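Multiple structures are listed underneath, in structure tokens.
In what follows, subunit A forms one complex with subunit B and a second complex with subunit C.
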Partner chain A sequence: MAGSEPEGARPGRSPITIAWRRFRANRLAVAALYIIGLLYVLAILAPVIAPYDPSAIENVLTTRYQPPSWEHLFGTDDFGRDLFSRALYGARVSLSVGLLAMVVAVVFGTIYGAVAGYFGGIIDNLLMRLVDVIIAFPTFFLMLMLVGIFEANIVFLVLILGLTSWTSTARLVRGEILSLKEREFVEGSRAIGLPGHLIVLRHLIPNALASVLVTAALMVGGMIGAEAGLSFLGIGIRPPTPSWGNMVSAGQDALLVAWWIAFFPGCLLATTILCFNLLADGLRDALDPKTLTRKYV
Partner chain B sequence: MWRYIAKRLLQAIPLLLGIATITFIVVHLAPGDPMDVYLEERYRREVDPQVIELIRRRYGLDQPLHVQYVRWIGNLAQGDLGESFRYRRPVAGLIAERIPYTLQLTVLALLSDVLLGIALGIFAAVRQYSTADKVVTIGSLIIYSIPGFWLALMLVLVFSVNLGWFPTSQTRSLDYDLLSTGEQVLDRLWHLVLPVFVLGIASAAGTARYMRNRLLEVLSEEYVLAARARGLKERAVIFGHAVRNALIPIVTLYGLSLPFLLGGAVLIERVFAWPGMGLLSVEAIGARDYPIILATTMIAAVLVVLGNLLADITYAIVDPRISYDGRKRA
Partner chain C sequence: MLLSVENLATYFFLDEGVLRAVDGVSFAVNEGETVALVGESGCGKTIVALSLINLVSSPGRIVRGRVVFQDEDVTQATAERLRQIRGRGIGMIFQEPGAALNPVRTVGDQISEVLRAHQAPTRHEAWRTAIRLLGDVGIPDPERRANAYPFEFSGGMRQRAVIAIAMSVGPKLLIADEPTTALDVTVQAEILDLLRSLQEQHGMAILLITHDLGVVAEMARRVMVMYTGKIVEVAPADALFDAPCHPYTKGLLASIQHLGARNEPLEGIPGSVPDFLSLPSGCTFHPRCGIADSSCAAEFPVLQSVGSERTCACYKVRSA
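Entry: the complex of A and B
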């Protein structure tokens, strides 16, 4: 950074510009962002890039269990299907489930927390007691039970993942709102007669968004891991639809003859989750006003 | 102190009731008739409807839902967890059989987590921004990001399949009964190495990151500066003042791991065919064995509530600034 001047003190620069500059200085986080972008592009372009049909089974006897080669980058599985193509199509499932489940959790949690924090009193009390009850379930266990009992399809899986994971966001947003609503600019908007829902939407939620963003990045990684875990247990995404989790599971059965079946999808999972964690770390450093003061004042 | 604990325990009752209610509703919203599970579907049509009616009555399934609910809660309060559909045995007995296996795994994993995680956290924090620090922080983030079940498979691949150092799965060898007592202990430990390693290292990575950040925070406190100003040796400052204070929130973290201790690690138990609580729950979900699902969920939830309570109490004990009625003494 070329900053001999204190960044935060310069006039005419929005907090977003400042945060973006600070984020860009973190090379690991930027690299993570690029890799994530690349993975999503690959997933979207899967039908174009994939060299084979992901579910095509030709002559099983001659094409099964082929080790990685230029012809089959990730090798072939027990049905002779091309694993590189399956991994690309699996990326579509894993990446979109992770992202959408995060959106469900964050949107629901933000609204819930904002309502509790803004209205306070009995409403807050009731809403937060319900959060206490839900938090008392170990999350993965709750997902397991719900997904297993209802034999979830993909849409349902996204909803279950999202609706079991919103409590931390709700608590976070509630806390932020509680402290924000005592601040002068909120009192000011109340004084000029701005209706309550506009105060929440225009002033409170946008100001709480910085910390929500960090949780959101962390959550995508967590969701992708959770979906992989459930699919590994055979109750998330079920074959023949490929997801990275159920591909690893298929690889476990063939571990002795074909290590590559489990190896590659697991690498992709680890890379993706790692990148989201790095991204969250970078966002936290870039958005946290505390590190701002420590570094620049 | 005791008043505080009693108050917290009383507060836990409505919470547990809420959990029980939600669990009950969820399980009974599930599609399908429990009888299909009890009698495998293919036999279902051949069985005399009167017999089915008898079985239904035996399990109280002929009663309306609210009656079933009240009866279930009543039994639960008395510690009666019901009878498994699949095993046709009391659930409590089944769980009691699985708990020792889970405990072996989780206690050892937690132990390695504590030792390794805290040590690495301190190691990295006192060398902030050095190469060693970067290796620990980035390395722990990488390990933290790797799905445990996949790491387990890869370790099995390398250390069991290729090198043959450790067994691929199970809790003991086939010839276990023929071994002497000493050899039996070794055999058990030998089977524990890989699963404990995977569980331990993943949570140690999290602990190390947390410990490092906490210690760095504490090291910038004024009392650390004061200790240094008094001319204390760095070692005394770190271990006598900083680490002790940085450990306080870590205690909370471990209180919260109580559900893990008994609930087991579903995914790792699956990889190693480890007959613990986690595997029991997954199998029960696969087989729609509702009494077991209800029981394991309730146990897990009770443990979360107890874990929270335990964390708060130990927190109050180790941090004299906190008083039991929640006010800060300052």
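Entry: the complex of A and C
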């Protein structure tokens, strides 16, 4: 790659292509991306891969608390269920909740921030003071309360997590838009008579997308952690539907006699969150032109 | 008459006070002619340009006057009508061609977008037109270049692309705000040539805003000189260069470095452009003027006729 031809020598090399080439140079981030990809593939293929029914309970007394073996890769739990199968199905819940909640937060936050930043003035003021109010709310207790009132299912969790964490994206996007709209090409777009919605959609948001992408990657890790936290406390995804969070929770009582029950889902959680953080790091380095020089100094 | 500006005033309402960036400016532009608006940086030239398409943003505001473009007052136009005038009626090109293009989208995409916002071509038609426009402004291999991003263009090519965007929907008036200031001298000449040939083909009028009197001499038939938000002299270009009337214009001309005149010291204008928030009383140029006396501090001179097609805002010159 290096030394073949200078960057930008050939037309049609988009900023995305260039960012991708720089991202690929970061081995750790690429590895993280592959691991995340693998986890999602496994989650999607769970029904095909899982060797056992994740909730089947048979002959509890003979099958319970079996340590990891070739028959049960992650061992079995106190009901004799195969933990590898449960971890695969749990991945579906944890990974989809994390990703979808991020999408909700990022889409809502981006639109909100873009509106505030583009219109500015009193609209900006009102919208941002509302964000201040929402941030002042202790999110975790709000979640606890809402989950206590309503039945928690996946859709509900996605909405709760998404709608309590869009504020940081909104602030970020607003800031980006505020500085972008003073740029000459935006004034130029207005001077040539482009309608406002096109200016926001085609000129402002695409230029703010780089930093949104970085927070989005960071956010997925946070969301997966938050879902696990809620499920661990027994107010997120409820058993028998497996999620990594409630699997760790189920294993904590038996930690001394059957360490594997909490250990494997715990490892999966930690790995996933770590990988998303590494991915976000890699994206930031790839998208921020200033880091290019740093690497070679 | 294509454009007539009547007593235009655009003020900025700052915490420190009211900044009178454009204060009572009147002029006209005829179809197909090239008029230059010259003055030092920060004299209000760009604000005049932005006012013409009603694009001054807060805390600035047009407080007085009319901008009549093709019998329609731009300052009173609805938002949708204004959007049509911008682009189709009046196009604008900017000083920094690098900054005037969106860095994350291809050049062809940005031209077709403007076409689609004003007319209703299909995506394919717009793209074909964009390629033709890039060819018209002298970009080699436009088919391939349409797919390029602005950072893959040189400064001169970017300015050509910006001109292609401004010309895309056929404006009757092209405002060129310092179109060559950020470019190399050789590229400057190419861009000016391009503007002239586009004008011959399409017959649009050009309002050339610049501080570069060399550019003015090459391009404009008529010149307006601006100082602290007011027009102080209007004259045909030849007459202005031969015999400037206003002391400020004389100063400007005296500060040009002539090639081959290496040992002559540049004269320049004593002092510096005054702070807009605390302008001198009367004629704002009087503290820097060689011929001013106490009467100059009393009131700002009105533009008076001083010959055929010439006006000048200086009492001392007229009485002399």
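In this section, the second predicted complex is superposed on the first by the 276 of 297 C-alpha atoms of A that agree within 3 Å, B and C clash if a C-alpha of one lies under 4 Å from a C-alpha of the other, contacts with A are read in each partner's own complex, and residues count from 1 in each chain.
Simple rule for what comes next: a residue touches a chain if its C-beta (ideal position, glycine included) is under 8 Å from a C-beta of that chain, and two chains touch if they have at least 3 such contacts.
Bear in mind the structure is a predicted one, so any value in this text is a computation, not a measurement.
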Fit or clash between subunit C and subunit B when superposed on subunit A: fit
Partner chain(s) touched by A:E184 [first = subunit B, second = subunit C, both, neither]: second
Partner chain(s) touched by A:R202 [first = subunit B, second = subunit C, both, neither]: second
Contacts of A:I149 with subunit B and subunit C, given as first, second, both or neither: first
Which superposed partner A:M219 touches (first subunit B, second subunit C, both, neither): neither
First, second, both or neither for A:A114, with subunit B first and subunit C second: neither
From subunit A, separation angle of subunit B and subunit C (C-alpha centres, steps of 10 degrees): 100
Which of subunit B and subunit C A:L194 touches, first, second, both or neither: second
Subunit A: partner with more touched residues, subunit B or subunit C: B
Overlay on shared chain A, then closest C-alpha pair between subunit B and subunit C (Å): 14
Overlap of subunit C and subunit B interfaces on subunit A (superposed complexes): none
In the complex with subunit B, residue positions of subunit A that touch it: 28, 129-130, 132-138, 140-142, 144-146, 148-151, 221, 225, 228-229, 232-235, 248, 251-252, 255-256, 259, 262-263, 266, 269-270, 273-274, 277-278, 281
Residues of subunit A defined as touching subunit C within the complex: 8, 11-15, 120-121, 183-185, 187-195, 198, 202-203, 206-207, 209
Of all residues in subunit C, those that touch subunit A in their complex: 53, 55, 58, 82-88, 91-92, 94, 96, 99-106, 113-114, 117-118, 144-145, 147-149, 151-152, 162, 165-166, 168-169
List of subunit B residues in touch with subunit A within their complex: 15-16, 18-19, 22, 26-27, 30-31, 138, 141-142, 144-147, 149-150, 153-154, 156-157, 161, 259-260, 263, 266-267, 270-271, 281-282, 285-286, 288, 293, 296-297, 300-301, 304-305, 308
